[in-house]
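In the two complexes that follow, subunit A is the common piece, with subunit B as its partner first and subunit C second.
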Partner chain A sequence: MNAAVAPVVVPLLTALLCVGLQARRTRWTVSLAGGGLSVLASLWLVALAHGHGVVVLRVGSWPAPYGIVFAADLLGALMSAIGSWVALWTLVALAAQPHPRLDAFFHAGWHLMLAGMNGAFLTGDLFNLYVFFEVLLVTSYFLVTLGATRRQAREAFTYVAVNIVASTILLMGVALLYAAVGSVNMADLAARIPQASPGLVRPAVFLLAVAFGVKAAVFPLYAWLPHTYAIPAGPVAAYFGGMLTKVGVYALYRLFTTLQPLHGPEPWLLAVAGLTMVLGVLGALAQEDMRRILSFHIVSQIGYMVFGLGLGTPQAWAAGIFYTLHNIAAKTALLLVSSAVEASYGTTSLRSLAGLAHAHPWLGVWFVVAALSLAGIPPLSGFWAKLLVVQAGLEAGEFAGVAVALAVSLVTLLSMLKIFTGAFWGPPPERSHISPLEHASVVGLAALTVAWGVGGGTLLELATAAARALGDPAGYVRAVLGGH
Partner chain B sequence: MNALLAALVGLLFAAGTWLLLGQRILRQVIGLGLISHGANLMVLLAGGLGGRHAPLLANPTPRADPLPQALILTAIVIGFGITAFLLALGYRMHALEEDEP
Partner chain C sequence: MRTVVLKTVAKVVVPAGILHGLRLLVVGHDAPGGGFAAGLVTALAVVLGWLAFGTPAGHRRWEFGVSLGLAIGVASGLGAVLLGRPFLTHAVSFVGPVKLVTSLFFDVGVFVVVVSATLAAVRTLWEAGS
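Up next is the complex of A and B:
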């Protein structure tokens, strides 16, 4: 099998197996093994893309741009690796949840969504990007509504409607681009957009940016997110909160590097990024619930990733990629803590929780590690992530943006302290059991932010190489189109 | 022909948006359906219309572009699946409404 599709095919087959298998224990074994295999497949792809550049698969051996291609560059491979890692550990957390009746569907949904995400990260075809977006969105609709109550079903309907409209906008963007250039192959588009009529390309890029912006939940398109992420079961929310919006961020990176490369700071992207940071964090301040606070912080931190993109230099993109990878790990760890608390105490409201640090000291430790990392305290990965973004901002002379980023990270720290004093401090509660599987799931991700904090050099090297590849669209075009 | 289809796309979007902003679930589902069909027509327009020969090597140029039709077919199937899901979700909301007083 070609490495470029392995991270799509493995979860797809696992999902099918999970529906077919009747015995619960066998299903769990297959599902976890499938998750582990996806991680290995995507790490293999990272190694290949790092060593040899873009890994290309021409489906059916049709020459590009006529056939469908998968083109895994280092950014796509890295995103697929972290996505598979998150899927695996949120799956471990799911094992601790009491859903025996819906079990098979949860497993299938988990792996199908991973297949959709990895497909979106690795495809070299804009229309296939739309299709893989649909695969992961349809699965997400399904996971949000599984076992829903009436209120949840109503919230889920809004989520589905918003995403259908966004997908339609995405399709229109693809159509306009096809009208302008006559291709949906990304490498072909990258090569031919400069000669196309800007009257068609500009609205097309705008439509694509809006569609990806909705998925990434940037200002002013984020209103759907905090409500949706309050609905589903804890591990589902952790999976969504960690990965779903980052697929949108990835698509924005692809759009503004490979397809329509930025050269230097792009004021409107930077403005969007700043407003996303500020409004997300302000929204979090008003909340009194662990999960809702964390949901608003997802929005706020998307701002940093878009800030890195908007600065428009490979060095800033490297910072943005580092930030994205760090944030996925830290954020998922925090949401998994919230999920464990909810499973044992039935709530994540800061008013009803207290003294968790007494009852579950280790859970408190994991929380503090991930929370400090999110706020950007050394020596955790969040510190390097913010340092890199700030450094890139200073070098580009975007002092206002840097000031906003620093102020927002102070408020983030405040928010994390609020959760800590609200839920972990105070008189010990009536002790409830927290399963070792939930501890394991949190550690699986918190360990990453510690490792990337202490040994951030490796990740920085990978992020820099990925950004360098993004800064060289001609290399991508050569790799995909080959001898043309 | 192009202008006519463009106007039709606009009409579909307008009607779809109007229905989507209503209160009732069924109208919203139909509205979403109209919007996605508007986008499908737009893909068709993107390929260029009219006065072309079938895309076979034996035929003289200009030949029609078969790709938009393949794209639309995919989009229609996705839209169909999502509409079915939305209807099921709407029904479920209705059923839950009766269960939970």
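Up next is the complex of A and C:
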């Protein structure tokens, strides 16, 4: 069904239109409308995947596993829906900080990166996963330097270098798996890996895990992230911080459920998850800058998602998926607050800021909502997310991991308090204007964490269904290869 | 650079190169060629023309060509969607001995992207160098 490719084609066409249009106002209208359409397309896909299972599209009518296949299961569809949502609201934030000269390129970059992300979430072909990773990375190289300051160019160089190395490792992994199994179609791989020579499959899976680990920024491959995410324009950082690493997390989920399914707790993944949580949060504690604290927290939170994956049961995966969706909403909201503050006050350093809660009470409210959600305070979505992960950990008997997760969430709360006391308390500053568009963008994401907190049942049901589908690779194989 | 020899050779090679590029575009469905190769050959011929006779004056919006080409490529796949077939499904039919394929539109899209992107890159380096 063509629905599987709609969340890729819609942003692609929007990007092209935006480059062609000359009038600024028309371009903004088309761009935002395209963003809205992408959200609708991906929500439609969620409904289809929830109702009928994996939505498969054999591009060009070439039969699987020979042709290119899009296979949208519920996890992929959910990720593409939240990705489109984040793209839309970060674009709204960008509308408040226009760069007249670079406008057309920002739009094109925004939608092309979304096309790449959605492609990565929805493809049923490992090589195409690599291709879509490249699409989103090339666009991200470009977005990270928009603004063209010397500092951006320097930090972007590290970012590009790290990612090129990771992409090469990814490509080697795909090639090795192709050598071992003779296919790059994920369903075909899932069906044939068990018969293939483990001497080739194991190193291939290791290479893929390393490559996805770099993209997801897990321990010990996260060092590039906090510095890179501190330099781009605010809305770009929110877009990257909210979504990019989660594409890596998604790929890890795909690797260790569909392709090489885990059966029960995987000690090395759990160790990686625990270390990612701890080192990320400690890094955050040492920072004196809102944006840098939030960047380190991206790393720390990735640990929880990998912890859910590493427990190796569908119930734990459901917790991990819930956590991922919640975290994307809460984290992007926080980064958008930081972006609004930076646009109006020229800094995010906690030493220079004070009293924002007096000047902008509503911004303070939304910051507190998102921050408490990130730390896991009821009744926000973060509470349910942590509860589910902890529950899954206890059931698997991973008490050490659970203890680490709980301790880290206390430290998370501490560093959120640090931002609050540093930037939002204190004597009111000389008031600077914060655009209603910035407020709208923050609310667009913070509202999700409230909604999922109060009415978490719906999301939990979706996450559980998605995890159940992951726990049944045979069903995925049947859906893609069925009839051949 | 602009010697008599270069100009004389270019007068023959540039049109021949462009024609050869277009030929590769058309035969690409069954024989070696296709939009990518055709685009590179054509762009090379144009660059040779620039070397011999100088670059055209004025600023060109190359990104427009790139997005136009991409749009042609995507649009070539959307026809199938309108008919309820999978995205990018193409049709073949014969008119007498002539084989017509709708995937030619996709190749034309690739061709336009490659020509625009190559010329944009060369022009940018050119301007940076002089």
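Annotations for the structure displayed:
Here is the rule we go by: the second predicted complex is superposed on the first by the 482 of 484 C-alpha atoms of A that agree within 3 Å, B and C clash if a C-alpha of one lies under 4 Å from a C-alpha of the other, contacts with A are read in each partner's own complex, and residues count from 1 in each chain.
Criterion: a contact is a pair of C-beta atoms (placed from the backbone, for glycine too) under 8 Å apart; a residue touches a chain by one contact, two chains touch by 3 or more.
Nothing here was measured: the structure is a model prediction, and the numbers come from that model.
Once the two complexes are overlaid on the shared chain, A:Gly20 sits against subunit C while remaining clear of subunit B. When the shared chain is aligned, subunit C comes close enough to touch A:Val9, but subunit B does not. Of the two partner chains placed around the shared chain by superposition, subunit B is the only one that A:Ile164 touches, whereas subunit C remains out of contact.
Looking at the shared chain after the overlay, A:Phe212 reaches neither subunit B nor subunit C. In the overlay built on the shared chain, the residue A:Ala156 is in contact with subunit B alone; subunit C does not reach it. Contact with subunit B, but none with subunit C, is seen for A:Leu176 once the two complexes are overlaid on the shared chain. More residues of subunit A are in touch with B than with the other of subunit B and subunit C. Of the residues of subunit A, not a single one touches subunit B in one of the two structures and subunit C in the other. Residue ranges on subunit C touching subunit A, taken from their complex, read 63-64, 66-68, 70-71, 74, 77-78, 80-81, 85-90. Per the touch definition, subunit A reaches subunit C in the complex via residues 2, 5, 9, 12-13, 15-16, 19-20, 57-61, 104, 108. Subunit A contributes residues 127, 131, 134, 138, 141-142, 145, 148-150, 153-154, 156-157, 160-161, 164-165, 168, 171-172, 174-176, 178-179, 184 to its touches with subunit B in the complex. Touching subunit A in their complex are the following residues of subunit B: 20, 25, 28, 32, 35-36, 38-40, 42-43, 45-48, 67-68, 71, 74-75, 78, 81-82, 85-86, 89-90, 92-93, 96-97, 99-100.
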